[in-house]
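Both complexes below contain subunit A, partnered by subunit B and then by subunit C.
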Partner chain A sequence: MPKTDHAIELTDYERQDFSVCLGCKICASVCTVNDLDLSTNPQEMLQKLFLGKDVAADDPLVRFCTGCYRCTGACPWEIRIPDVVRALRQVHATESPFEKAFKGSVAIWGRVYEPYVLMRAVPFLLKGGYIKHMMRWMEYMGIHLPHKVKRT
Partner chain B sequence: MNVLIIGGGISGVSAAKVVLKEGHNAIILENTAELGGTMARIANCRIGFKTFFDEIKDQPGLRVIKGASITAAQRKGDAFSVALSDGEVLEADRVIVASGLSPYDPVEYRGKRVLTSLEYDARIDQRNGELPDDFNKIGFFLCVGSRSKEYPLCSSVCCSYTIREVKWTLQRAKPEIAVFYNDLRLFGQEFYLQKIYRDAGVRFVRANSRYFEEDEEGVTVRYFVDGELREERFNYVVLAIGLRPNPGLKDLGALFGFSVNEYGFVAEEEPLTTDLHGVFACGGALEPMNIKDSIMTGFGAGVLAVKDADLLTTATREEGLLCNEVPPEITLPDGDFSSCAFYLGTEDPGAAMFYEYMSARFIEAARKLRQAGKTVYVVTKNTVTPSYDELTFEKARREGVIMINLEEGQSFTAAERSVRITGPGKDLVLDVDRVINFSDHLDGFHGKEFLSVYRSEPQLRWNPTKWSRKKYHVGFLRHPRDKRWEPREILGALGEILLDRGEERLYPTVEEERCSGCGSCKDACPQKAIDIIIQDKQVSIFGPIASTGIPIAHVNEDACVACGLCVSTCPSDVIKFPPEEEKAKNQGCIEPVPF
Partner chain C sequence: MEYGYYPGCSLTGSAHKLDKGIKKVFAKQGHTLKEIPDWNCCGAFEYGDRKELAGFSKKNLEKARGHFSEIVAPCPACYKNLREADEKREFAVTHPLDLFDEAFFAAMKQDRDLKGQVFTPYYGCILLRPKETAIRNNTVMEETITRFGGDVAGEAVKDRCCGGNQIFINKDVTEKLSRLVLDKSRGTIVVFCPLCHMAMKTFSGERKVVYYTDLLLYIMGENSTL
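Right after this comes the complex of A and B.
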């Protein structure tokens, strides 16, 4: 079975449901991923799914979609494109560690349990070299470490 | 007989015309303070409505009630007793529902520079003073508030009036204009208009957008075309709003007891008739439609209310007044194949007029093939399927017919067992056994009468079906479109025949001595009622008298509608309306329609 069919099975949609798309490309006009890559077009992705063609794992939409649902809000047919993107990520096994952590947490407790999410995220944070920004994060959060005060 | 007409818009007034002509009483009940409805909100149509209404304004049988609504309706035998909000009780034998349409209000996008088309129309109206200084770049966005999950019908007018607004804008200023569309659902001559504006530099972009960022100087719009996102600044953005049913129609249906369909329009079983006996519907109460069709259905509802329509239809058919033509059949591909593609696209605006008819037929055929288990693609440049046809379109899409819309600049090439769609940012190859081309079917249209009729359909008349006093066009001959329109068109034509009966008309006469036969009146005539004939004449210039042929204009009175265009065009005032005393003489040539 092609990967796209498997992805559609993971969503609430059937293949025919994507056919209601008029091809107006309103979704592309409001998509925030377009700030990173100008060629992002959710409508083309829907057409690929409908025609039974594969959507590549390095498609900008699959890589960068933040799930803001602006496309759904603007779409005349209210197609929930981020749902589809999430299913595609699962099929391509390119989910982010946070996404995995959230899903795992929901699978175990039925809700988001922050300590678990943070625990699952630690390897990612260490590996990605994000730990060097830790000081800044803490400042954002309002936690200030004691620091030297210049004396005059 | 008292006929109560609910709604004082164009269709209600048209219905009143027929009712009054037949000698019955008409009561027009208008909810708001002024007559005119949606039509009177359009600056360029307000005067037209006024002249249309002024023709019946002084008739004794007419009564207009403004600013009142219906609070209760009761059936008494064959008649209705209707109580109004001001306490009055009306007795009516027949009721015509002409509640009209209400334009959609896109509150979430509207702003100082993001205007709806009605606001824009008021802005460019000459009577509202000068245009603003920064009138340099304008973007039109179609299909706002229609063709969506909430309201799946196509408004069937927003493409047309956008073309008109482009025209009115260009008459006053020369801004840069871009039109963003999903499908250009134009009709008849509008395809030529579109071609003219395209050549004149108006951009047509097959994309749509909801990204409008407004600031003091303009609006930033993002849209996706040719495989990449573009950002553009416009001074003004115009949202071409769709038309929705009148929200009061549901309550009206509950008061009287006729049913309303799921979209909020009158459920129409027989043409122009509700399921309650004695209550008829016309205009925007039936479906979204343009002004011309509103007039036509108004006439039709008037006929149904006061006349026996079946008898009248038989009489006019025997008389040969109703003309129709049978359209050419579409041949389905036969033989063994698993996939096929319908291609609907042409560059010729004359051929594009048949988009509406051909889209409907292609989609019908595509659904049939799809149900037989085949893979069907419909590749289109435009699918013209307005109002209720949009539902068939959606059904086809849900059944798995694959629609592919071509953008500007994309091309479709058919090869052995495959088709290829190429263009900037797109390269799609589909495996297809058979290709059914729109242009192959156009051969069937050539040399038929409707071609000339449809291409020269005059727009400046209040007669939706009349071609001449001996010919009233209905069905395919009037407008190639869905079958549900034909019975409505027949009723509308009956109304027009009733209105024309015994009507006094003046025909222009030609002063044969002075006519030079230049032919400018012939070119001006929208009815093709003027011929240039060769008349024998004895002339003598410096010599013996000789007989020569001199061309002069001749008015064919059967086809003439006395519009006066030839009179205003004639360079030497040769063709003129006769003075009043000759009116009686001319009346002899009018043959009243026998009933």
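Right after this comes the complex of A and C.
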């Protein structure tokens, strides 16, 4: 069974649900990923899933979808394409170190404790060239101690 | 009126300014925000399993049960997740932007106006899409600005995506998308979403980026909010 089928199980959809797709490509015409000089077409992704084919982890849509729901807003069936993309990311386990840290924090405290997430993601932040933005973030980011994570 | 309040993680951390702003605005209008006891993270958009994601917000609703009937959640992602988890519409999960209506402004104490100032209201995605969870009034920020004599610019980009939720995945994506928005906006950029705020702030250079609550507080006479 392709990984893909498992991804559909994670969404509120069933494979047959994608049969309603008209192939009109309105989703592609509004997709934010296409603002990045990448060419992508959500309809193709749905078609692959419908046909039981795999969608690769390095598909531009899987990598760069921003979850903006522009596609959903424009689609005649309001298909929630970003929900499908997130499920694909999950089965492909393509989370960034930052996302892993986010989930780690939720598992420990039930909340996202930002300093913990940032600390855990330090190597990624260094390598990714985030340090130049740090000063900017410090300007408005309140760094507080762990005992204040639960304030209620 | 007393509302149940769901600040979410970002408002207790990097978006503390929005948290304080909301509380101040509500207090000035005579409303109380009471935090849902021991709330947990809503999971944002980090979980690919819809049931797992909804589970976080269902837990929060359980914690609110018996305490509140109306819940206010300022972070658009938290708001959307809570609303989607409330399948039986047991609660009125409300975004604060939907509370800034005619009655609100009629009761508001105005101390200053916005004459001579230009603003680009920027909503981003989740406040406006998907339809089922979108805010009711998608021109509330523009209406506020013009009501108090300010000029509105940048209408064409108000619903574009800043790529905020890719900022810790593929930063270049966020930079490119945020710049598309920044290039087409003029004056002070007014946002509500903490993630939009972060993306805009990161790449805005000398441009001013403020929360909508900063704007309200300025009009109400608070110092150094704009």
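Here, the second predicted complex is superposed on the first by the 102 of 152 C-alpha atoms of A that agree within 3 Å, B and C clash if a C-alpha of one lies under 4 Å from a C-alpha of the other, contacts with A are read in each partner's own complex, and residues count from 1 in each chain.
One rule holds for everything that comes next: contacts are C-beta pairs under 8 Å (C-beta built on N, C-alpha and C of every residue); 3 or more make two chains touch, one makes a residue touch a chain.
Just so it is clear, the structure is predicted and the values come from calculations on it, not from any experiment.
J.: Once chain A of both complexes is superposed, is A:138 in touch with subunit B (first), subunit C (second), both, or neither?
T.: Neither subunit B nor subunit C is touched by A:138.
J.: So, does A:87 touch the first partner subunit B, the second partner subunit C, both, or neither?
T.: second
J.: Give one of first, second, both or neither to describe whether A:108 is in contact with subunit B, with subunit C, with both, or with none.
T.: In the superposition, A:108 contacts neither subunit B nor subunit C.
J.: Looking at A:78 after the superposition, I want to know if it touches subunit B, subunit C, both of them or none. Which is it: first, second, both, neither?
T.: A:78 sits against subunit B and subunit C alike.
J.: For A:122, using the defined touch cut-off, is the partner it touches subunit B, subunit C, both, or neither? Pick first, second, both or neither.
T.: neither
J.: Thinking of the overlay built on chain A, is A:51 touched by subunit B (first), by subunit C (second), by both, or by neither?
T.: Only subunit B; A:51 stays clear of subunit C.
J.: Should A:96 be classified as contacting the first partner (subunit B), the second (subunit C), both, or neither?
T.: In the superposition, A:96 contacts subunit C only.
J.: Which chain makes contact with more of the residues of subunit A, subunit B or else subunit C?
T.: Subunit A has more residues touched by C than by the other partner.
J.: Quick one: is A:16 in contact with subunit B, with subunit C, with both, or with neither? Answer first, second, both or neither.
T.: Touch status of A:16: first partner only.
J.: Under the contact definition given at the top, report the residues of subunit A touching subunit B in one complex and subunit C in the other.
T.: 78
J.: Within the complex, which stretch of subunit B touches subunit A?
T.: Within the complex, subunit B contacts subunit A at residues 143, 147-149, 182, 207-211, 221-225, 227-229, 394, 397-405, 425, 430.
J.: Report the residues of subunit C in contact with subunit A in the complex, numbered from low to high.
T.: Against subunit A, subunit C makes touches at 9-10, 12-14, 16-17, 35-41, 43-51, 56, 125-126, 128-131, 160-161, 163-166, 168-171, 173, 176-177, 180, 198, 201-202.
J.: Can you list the residues on subunit A that touch subunit C in the complex?
T.: Answer in residue numbers: 7, 10-12, 32, 35-36, 63-64, 66-70, 72-73, 78, 80, 82-83, 86-91, 95-96, 98-99, 102-103, 105-106, 110-114, 121, 124, 128-130, 133, 136-137, 139-142, 144, 149-152.
J.: Would you tell me which residues of subunit A are touching subunit B in their complex?
T.: Touch list, subunit A to subunit B: 15-17, 19-20, 22-26, 28-30, 34, 38-41, 43, 47, 50-51, 74, 76-78.
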